[in-house]
Every structure is written in C-alpha cells, then in structure tokens.
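Listed next: structures, encoded as structure tokens.
Each of the next two complexes has chain A plus one more chain, namely chain B in the first and chain C in the second.
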Partner chain A sequence: MLAFDRPWLLALLLCAVIPFVVRMLRSSGHPRLETTPTDPLSLSVDWGLKLTGAAAIVALVLGLAGLHRPGGTLERTGQGAHLVLLIDRSASMDNTFANRRPDGEEESKAAAARRLLLDFLETRLQDRIAVAAFSTSPMLFLPMTNRREAMRGAVSGIAEPGLSQTDVGRGLAMAFSLFEEESGTASRALLLVSDGAGVIAPDVQEFLRAEAARKASNLYWLYLRSEGSKGIFEPPAPNEIDSPQLRPERHLHLFLQRLGVPYRAFEAENPEAVAEAIEEIGTLERRPLIYRERLPRRDLDALAYGAAALFLAVLSFARLIERPLAAKVPRPMIAGPGGRR
Partner chain B sequence: MTTAAEFALFDAIAYRLRTRATGGRPGAHRGSQRGAGARFADTAPLLMYPDPRRIDLRRSLRDPFGTLHVRRFEMPLDVTVHGLMDFSASLAVTGASDRRALAALLGGALAHGAVRTGDRFALSVARGEGAAPLLRPPLRFAGLAAETRSLLADLEPAGQGIATLVELAAEIPIRRTLTFLVSDFEMPPDGLARLLTVLEGHALWPIWLRDSGLDRVSGRFGLCDVLDPETGAARTLLMRPSYARAYAQARAKRNAEIATVFAAFGRRPIEVVDRIDVESFATELVTESA
Partner chain C sequence: MTYRRPDAIFILLAAACLLAIFAAFDPRVTRERGLRDLLFVVDVTQSMNARDMVVDGRPASRLDYVKALLPALLSALPCGSRAGLAVFAERRSLTFIEPVEVCENFAPLTESISALTWRMAWEGDSFVAQAVYHALDRARTLGVDLVFLTDGHEAPPLPYSGIPAYPGDPGQVGGLILGVGGASPVPIPKHDDTGREIGFFEKDDVQQWPRRSNLPAADAAARPGYHPSSDLHGNVELSWREHLSALQAPYLQALGAATGLGYFGADLTADAFLAALARHTEPRRILAPVGMAWAPAALALALALFSYAVTVLDRRRRRLSS
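Moving on, here comes the complex of A and B:
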C-alpha cells in the first residue's frame, strides 16, 4: 500500500538504534547508581525519550526515502452509462432554430445544446463521458472520463463559432472509438447532436457497421431541425428524388437504423423539444455501472517530516529542562582556620 | 602550587600508634625494644642488661638480695606509613568537591607527615579491575610529599570494583606499619567488610572522602542524566522535590550502612566532607592512636 521513491535510504533505519545506545542528555556522574531510589516515572521518561528519539529518526528516514501512497485504480459501482457526446460543430449550428444569426432574444442551436447538455451533466453524476465534435473533420474534445470539470469544460467548448462542413461519418467513427474496450455491465450510449448530416462514404459505412457491432452501443440522434429544412422521418414526396445527396438527414437516419444497434432519433425544432429529448435519453440510460476510478499518488513525506518535527520538539524540550545532578560549586579543598565544617 | 592552607595541613599531620612494635630502625614511635631512648621503660638486673652507666641506685638498694639493677629505656622505632588509595572510577565523580584532588592532597600530606616524623612512606593506589594499580616502595626523602601529590593528581581514576584494593591491602605487612585507607567507600557494605577483614590487626586509619553535593541534590524540576563510571550504567531521572527527598534518604541510608560496617570492625573513619578542616583532622589523628 505504501511505497518509497528511494527505498535504499531505508537502510538508514538502522540508525534508530542509536538513541538506545547513545545517551541523549548530557550525563553527570554518580559514584554508585544502585543507591539511587528506583522511580517508575523516571524510568518511563527514560524509555519515552529513547523511543521518541528512535521515532524521530524513523520518521526522518521515511521522509527522506520519499514515503508515498502510489496512485492506482479503484473499482466503483454507480448508476449510469458510458456516454459519448458527438456534437456537430458546423457553421449552421451557430444559427438559431429559425435559421438566423442569433440576436438577443433567440439563442443559437449550439448555445442551446450547450446549455441543455450542461444541465444534463449535472443530473448524470456517475456517468463516464467522452466528448467529440465534428465538422470538416472529427475533433476529440475529451476522452472517456468521470472528471466533472473536464466534462463541463469540453461541453462549454461546443458553442464556439463553428467551421463549415459536416463530415458525420468520420465523426461517428471517432465517437465509436472513444468507447473503452471494457465497460463491464455499464451500458454504452452515443448521443449525436447535429442539425444536419452529410453523405457517408461507403468504406466509412463499412467501418461504422463493424464498429457498431463490436461496441454494442445504444445510439441516439438528437436532430436539431432548423426552420424550413425537411424532417428525418418525412418520406420523400412521390416526385422527389430520394438520394443521400439531396436528403442526407433522412439517409443518415436510414443508415443508422440499419446499423444493428438499438437506435432512436429525436427531432427537435426548439430548445424545449431538445430538453425533452435529452431528459428521455437520461431516463433510458440508467443502469448499474462498474467503473474504475483513477486515484492520484499521495506524498506522505510531509506527514513524516511533521511527525519528526514533533518528536524532535519533544527531545529539544528534554534538552531544555536537563540539569546536572549536583551543581558544581568550586570550593577550596581546605577549610580555612575557623572555617565552617 | 601549594598554598599556605595546604602547608598548614602538611605540618599538622601527626599520628600515634597503639601497638608497641619491635625491631626496625630508630624512629619516632614507641617500641617494645629497650635501648637508647628518652622514655623510661623499666629496670633490669645488670647481668641481664649490662649497661653500668644507667645503674638505678634506689632500685638496687631496695633489692633484698643486693642485685644491681639498671634502668632501661624504650628505643623509639620507625614505622612504614602506607597510603592505600582507592582510585576506582567513582572517585572522579564530582559534586560539591573534587574528591580526586582531595585524595591527591591527602596523599601528599601523609607523605609529608611521614617524612617529617622520620618514617618511610609507601604508596599503593588501587584502581578498579582492568586498570593497572600504582605501587611505590617505602621511601623517605625531602621532596616526597610534592612528588606523591603530583603522582596522584596525574593518575586517572579508572576501573570497577574493589578486588584490586583488597589484593593490595593483603600485601601490606602487619608489623611496624600504619595504613591510611583513603577512599570514597562507594562500595557495597559486604565489600567493605571484606576489605576491613583483610586489614584486621593493622594499624589503620580509614579516611572517608564524602561529597555533600552527591548526598543531597536540589529538587529543582528537570531531567538529570546520570552515569555510573564504574558500571557504565546510565539512567535518566526526572528530578522533582519528592524524588530529591527520596534520593537524600537513600544516600543517608547508604552512608549509615557504611558507618555500621566500620563500627562492626571497631573502626571509626575520619570523614572528610567536601574539604579538609585542618584543625579537626589533625585533632582526630592525634587524640586517638591507630
């Protein structure tokens, strides 16, 4: 449980016998020690001082050797899921649901998503969450973690001004790769937040199918539908050409349905709908979760030095109150004539 | 350097012996031998003691058979003064006095007294086991006192126990000697009894060097680390008034035990507490014969 930075210095622990061999106080002589009365209190003080000296040396050596508790991983159980948030960072996300530049009254889709996801994080205290984003290319924001501050920081970052394109295929590929190989009994969920989609290349499609089968993750798509764009559930009009190039959202929906993993899509036209969708996802993804917590290394040398200082203070006090047995008074060896006997 | 007070001590040393010795050389002590002395002893028939210069007319006239008597006188004899010193390590412990220097001073004083009286002075200094003793044959010369003192002052008290002391005591001849046993008597009572048994029948003056600073200690609160230089045992004492009282009682008890052993052997030691009071020291020496 405890470890040392410089274990070879522990050889100095042998010095702990010194207080039992060397007298710590200045000795004054006594012609016949057997004639002094035995005193249990003095005896205990004597042994107490020796033990204190030994303890001070031990504490100093432990401090010098760099006593610490090594970090490690600790298995914990909780309620929740391994969650990957995949967020669209294309430029259109900076517009409002009405597809306008955000003014004072209406917030942008990205800002709404950030606000609602931050609230969502507050309710999911035991989830392990990874955050990735995609636009022209996927961006890793945060690997799978349970550090709340990191999650909040990563989610806060999604409202920064976006980039142009929407490469959802590679984004999904990255999102799948963020799941850890071992998640125990925890459920996995991938939450895709986007306001549009793009064509996924056939080889990426192939890769995604394999990855989805391997990772066995639940898949949620929160589609932020802008005013005027077509919904993902809407079948095409009879005279309309139904191609991925013209209706990428609908075809992404179809592709995700075919992936072979549990999948649900939510279509939200305003922030309230987004909140409802997120709440529903939250209730769905609540299962016992075994996760490993990484414990940081804890240095204990300060503790050791503190203890040594305490022991040394006791010894210093003993030195402070030490006194010779008999006060030495220089007197002439011969009493003068008529001197006192 | 010898001070005036020390000169006074040196000159005050005088001693008498209870026993009448025989043989030896003319000296200052009474002997049982008849010869050229000043002290009248008895009368003897002229034929037995043919010294016609000392014919005692009154005694001769009173003799009904008309035998001539002569007066006989005691011939004064010398003795050998032995300084038997206990220089075990405990002597180096100082409290209110430096007993080691006191022992050296006493050695010088006794040597001076012996030289002045016309006796020879021999020195046997016993140190504890493991340390060589210092032995000097009976000597008499003018500078003996100063030499003895410096010799003793330079000798480091060392070693443990009284085995060497008992051995050296057994070496001292019993006839025509006077032994001064100088020690702090920091020894178990049965050890002292063994020593006194060996010295039984000797003309002996025990001189007990005592240190009042070690018999009574102040009760000021504090930690005293005490070390017995003989045994090497060390102990930390938490000094406080109650313990100082118990300590003084224990030391007084121990001193009483030593005094009891002396009394059992019919000896009374001259106690030198912290320093030598010349007057009383000399008085004790001369009023009682060893």
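Moving on, here comes the complex of A and C:
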C-alpha cells in the first residue's frame, strides 16, 4: 500500500493535462495538411512525447506529495512466550540478600533483579511482555507490548526505593488479567519476583483459582530469600506453628502449588542463583509463537524524482534533435521588384 | 542534420532534468532540533476522583481528565523526545516507566496512562509539596524535566508553618505543574474496601486540622486553647471544608515559584503546552538531518510547466508577427 505525507499536493496532478493540450515541439506551417501522408511513426512519437511530458509532471508531483510505503507489521513465527513480570516493590527489596542496606559492594535485591531482568529482556527478542508491580496495591506499569524500549523503561524503574507493604494476592490477580484473550499458540508465563509474601484473603484466593484456570498460564515464583528468613521448601519444625501468618512464603508456595497450573518455584539466596533461575525460565518458555515484526516506512519520493529526471531527459533530447519541416522559407527563384530576391 | 543552437525550451527542460536528478539523490541538510525529555507524574490520590472536569462533553473525574489529556500532550512532543510515567500518592512519586522515546513507544505509554486508577495509591495521604520535591529529585537522577499533574489538595492540611522548605536547588530541574480541577469546592467520592463507590467523604471522615508533626507556629502561644505542656499548637479556626476539594491554583503557583517550575492550568492546548515547555525547560538539542529534496523537485516541476508556457507564448508571438 502507498501513502502520501502531503496528499493535498496531489491537486497539482491536474497539470499533467498540459502536455496533451500544448505541443512541446515546434509547429511548422504546411500549405495543405490533407496531402501529408498518415505516418504511424510520427503519430506515435507525438503521443510518446505527450505521455512522457505528463509522466514527468506526475512523477514530480508524486514525489513532492511525499509518496511512501508506510511501515506495517508482518506476522512471523518465532520462539518465545507471552510473559507477565510481577515484581515486588515492597521496601524490603531495597535491602541486600544479607538483609542490610546496600553499601556499594553488595547490591540490593531490587537492583539485582533489575540488572538480571534487563539482561533477560535482551534474550527475549520475540516475546510480548507486560510489567506489573505490587506493594499495598497492585500497579500496572506496562500492558502487554512488543516495544523493547518501553519494557526496559518499565523494568529499569524497579530499582527505585520501594513502598510499604506486600499484598501479593491482588498483585497476582492483576498479573493474570494482563494476559490477552487471544494469544494463539504462544505459551503464557507469569514470573513473580518477590522477597516475601503475605496472607492472601480467601475471596482473592478463590478469584485467583478461577483466573488461573481460565488464563492457563505457566507460573514461576522467583523467591529472593534474604539471610535469616525461612525457605519456602522448608517444612516446619515439629513444634512450630504452621500458619500463613507466621510462614507466609511457605503458604504462598503451597497455595500456588494447588492453583492447578504448571508451577515452579525458585529460591535464590544471591544474585548468581537469581541469574541461574532466570536462565532456566528462559529455556523453559520457548514455544512457537506468532509475533508481529514491524516494518519500517520506505520513502519513495527519491524514486519518483529519478523517474521524473528520466522523462525530462527524454523530452529535452527530443527538443534538441528536433528539426523543423522547413528551417527557412526557401528564397524565391525570381527576383522581386527592386532586384530584391 | 545541421547543428542548431539549443533554444530556451531545451535549456528549461534540461535544467528541470538536472534538478530532478539532484532531488533523486535525496539531499539533506542538518538542522538543530530541540527535543524534550519529561517525567510525567500523575496525582492518583482520592481527591483526583472529584468529578468537576469535562471530557468529551461529559462530566469526568480529574483523573479521567488527566488520562484524556496526557496522550494529547505526548503526541505534541517532537519525535525523539522522551517521556516517562510516574504516579504520586502519599508523599512521593513512583516511576512506572522510565523515560522512553515517545513516537516509537506511544502505544505502550498511552496504554499505561489509560490503566491509571486511584486504586494504585499505596496510602491515603496526599502530601503534594513533598511529592513534588521527591519527583524533582527523581527527575534530576533520570536527567529529565518534570511535568506534575495534580489538584494541589493537601490531605491532611499543611502545618501552620506553611509550605515545607524545598531542600533542592530551585531551577535545577525545569518543568511544569499542571493544575487539574474546578475552582469551586466539590465533594470527593468515597469507596469501600472492595472499591465500590459509597457516597462522598463527610466532614468527619477526613482530618480537618493541620498536620502537627512540625514545630508549632510562632504565634501558637497567643492562640486559644494553647497549653505549654498539653497543646503546644493551640486551636485554630477550622474551616471544616477539608472534605471538599477544589483546584488549589495559588498554592501550586507558590509551590512552582519555590521550586522553579512553571504553573499552568491543565486546560491548556497542545500548542500552549509546548510554549510553556519552551519557557520552563531547556530542550535537548540534537542535529537532525532534514530532507530538502522537495526544493529542487519543486523547481524542476516549475521549470517543466514553464517550458510548456514558453511554447504557448512563442507560438502566439509568431502568429502575431506573421
């Protein structure tokens, strides 16, 4: 498909009539036109020059009007997934894995997550990715998109100091809602990155179970375990009270296991373990998917000008080699009065 | 064939041909262009739910108005400019998207904008001044200018001491405060735990008296009810109107003056927005190649048309002379 930047200039196309009205070559007087033989060659040259003149004008006007082929999208098949990143923005993410303030030597959990997720984005060139975050309330940072700069912009923001609480339940509810209804054959994956968990209210639990079944997404929890906190796989000690309030991480893990979707949890106690987990998720989430590649716009005005130059060259050449039928009026054979011939 | 001197029409056509060839090589000149890098911070506190704005001829909340306004402002920015998105609640801003190029990322940016809701607010407080200071600091670290959209409703009210002092360097970060809201106070919708609207905030639902975290005012001792041990602040005439909200334009103007930001009402056109930016931010200047093939091409077209005109004139002249 073709398009124009300045379509109103196309009104100038009317000028293309001129070559058919005005003859480019000289007209020569002829005493009796009926006597001239019909010459198909001459006629075709005449028409050829008219068309060439019109074509030159049309080409110039098309170029001036900004002829271009607009960029579109092309559907291709690749390997990847529709991915939702759900990131914990609670204040504890600002601490290091050793649960201290970052001191320049050791980066905070949020900074590590940011760095590793940005690296991860570079390996997922065909994915559609959405970014959401949660603290006291869920926040949609970026809806599902294929724009890589916007993804980087949204992931970059997570190193900013975090907020107060951790309401993981409503965060998950928002994350599930970000999957588009139509995702074709692409696999859906939800990657939860958090360093803690909270108690999920029963009504939110129920909503999550329904939503997970409907969206059929793979679920990954990357648990950034700080020093001193209990692991999610660790069973409680015999005389320890095993309640969601005391062991929210373990109980979130149990809840996610019961959600009815493929689920894996990764427990990372340092940035290297996070990198390994992210890499493993990356290899798991490679399934054929249809993605749209954006085609850049292609300007065709230079092409139009080139064509116009060619037509104009033909015209000027015709004008150059043109010879009048009779260059001069032949001198009369007989001298007129006064001896003038 | 005999040699003939090239005539005027040939010269016109040949010149047009050469100009068209020149145009086909896509000549460009580099020109300096001014781009803007902006962090848009949107107030998502509850007062932004007050419905005193109009969008598409219908009554709308202030937040809905901002959500309709921002895409228009973004599309006014020249391509190559960068824009980021953040929200304000409590006493700080939170960056959703760090500044990205506007034209390429227009779709995700506008989708993120349309997804903004008051439910994102992580706390109910609305410390506008602190949030502006925080957003300025955030914009400084990102190396961009700031556009802060708010109604200026401080909740709880400012302390007696007035606007807290700006700790930064006024004017270091350029930008605008855009005031959203109507001039007359309107009630603020109230929601229950599940987000359903259940009426409006009443007098007793909000804190009517100023914050007392700061030192008492100098004249506190003269106020009725002052007590050196139990009430250091003394009483003050309460207006009992803190549950209503209107655009606090003078307050935002003062805040802008203190921080070096320009204040404008948010009912500005895209052109007025660009003019305001030109006054209150420094553009990022880049040298961009600008195509100028149109100039020789237009000249070529003019010459080609002129050559036909010359033919007509020539013929008429000869007819007259013969």
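Methods note: the second predicted complex is superposed on the first by the 218 of 341 C-alpha atoms of A that agree within 3 Å, B and C clash if a C-alpha of one lies under 4 Å from a C-alpha of the other, contacts with A are read in each partner's own complex, and residues count from 1 in each chain.
The working rule: a residue touches a chain if its C-beta (ideal position, glycine included) is under 8 Å from a C-beta of that chain, and two chains touch if they have at least 3 such contacts.
In this text the structure is predicted, and so the values were computed from the model without any measurement.
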Quiz item: Thinking of the overlay built on chain A, is A:323 touched by chain B (first), by chain C (second), by both, or by neither?
Solution: both
Quiz item: What is the contact status of A:104 with respect to chain B (first) and chain C (second): first, second, both, or neither?
Solution: neither
Quiz item: So, A:41: does it touch chain B (first), chain C (second), both, or neither?
Solution: first
Quiz item: In the superposed arrangement, which partner chain does A:31 touch: chain B (first), chain C (second), both, or neither?
Solution: first
Quiz item: Which partner does A:238 reach: the first (chain B), the second (chain C), both, or neither?
Solution: neither
Quiz item: Regarding the shared-chain residue A:296, is it in contact with chain B (first), chain C (second), both, or neither?
Solution: neither
Practice problem: Report for A:49: first if it touches chain B alone, second if chain C alone, otherwise both or neither. | Solution: first
Practice problem: Kindly classify A:202 by the partners it touches after superposition: chain B alone (first), chain C alone (second), both, or neither? | Solution: neither
Quiz prompt | First (chain B), second (chain C), both or neither touched by A:23 | solution = both
Exercise. Please determine whether it is chain B or chain C that touches the greater number of chain A residues.
Key: C
Quiz item: Which positions of chain A sit in both the chain B and the chain C interface?
Solution: 23-24, 27, 321, 323, 327
Self-check item: chain B-touching residues of chain A, taken from the complex the two chains share
Solution: 23-37, 39, 41-42, 45-46, 49, 318, 321-329, 331-337, 339, 341
Quiz item: Which bits of chain B are touching chain A when the two form their complex?
Solution: 3, 5-6, 8-9, 90-98, 101-102, 105, 184, 186-188, 211, 213-214, 217-218, 220-231, 233-239, 243, 246-247, 249-251, 254, 273-280
Practice problem: Would you mind writing out the residues of chain C in touch with chain A in their complex? | Solution: 1-2, 4, 6-7, 9-10, 13-14, 16-18, 20-21, 23-26, 84, 87, 94-101, 104-105, 107-109, 111-112, 115, 119-123, 138, 293-294, 297-298, 300-301, 304-305, 307-308, 311-312, 315
Self-check item: Footprint of chain C on chain A - complex, ascending
Solution: 12, 15, 18-19, 22-24, 27, 53, 56-57, 60-61, 63-64, 89, 135-143, 145, 147, 149-150, 152-154, 156-157, 160, 163-165, 299, 301-303, 305-306, 308-309, 312-313, 315-316, 319-321, 323, 327
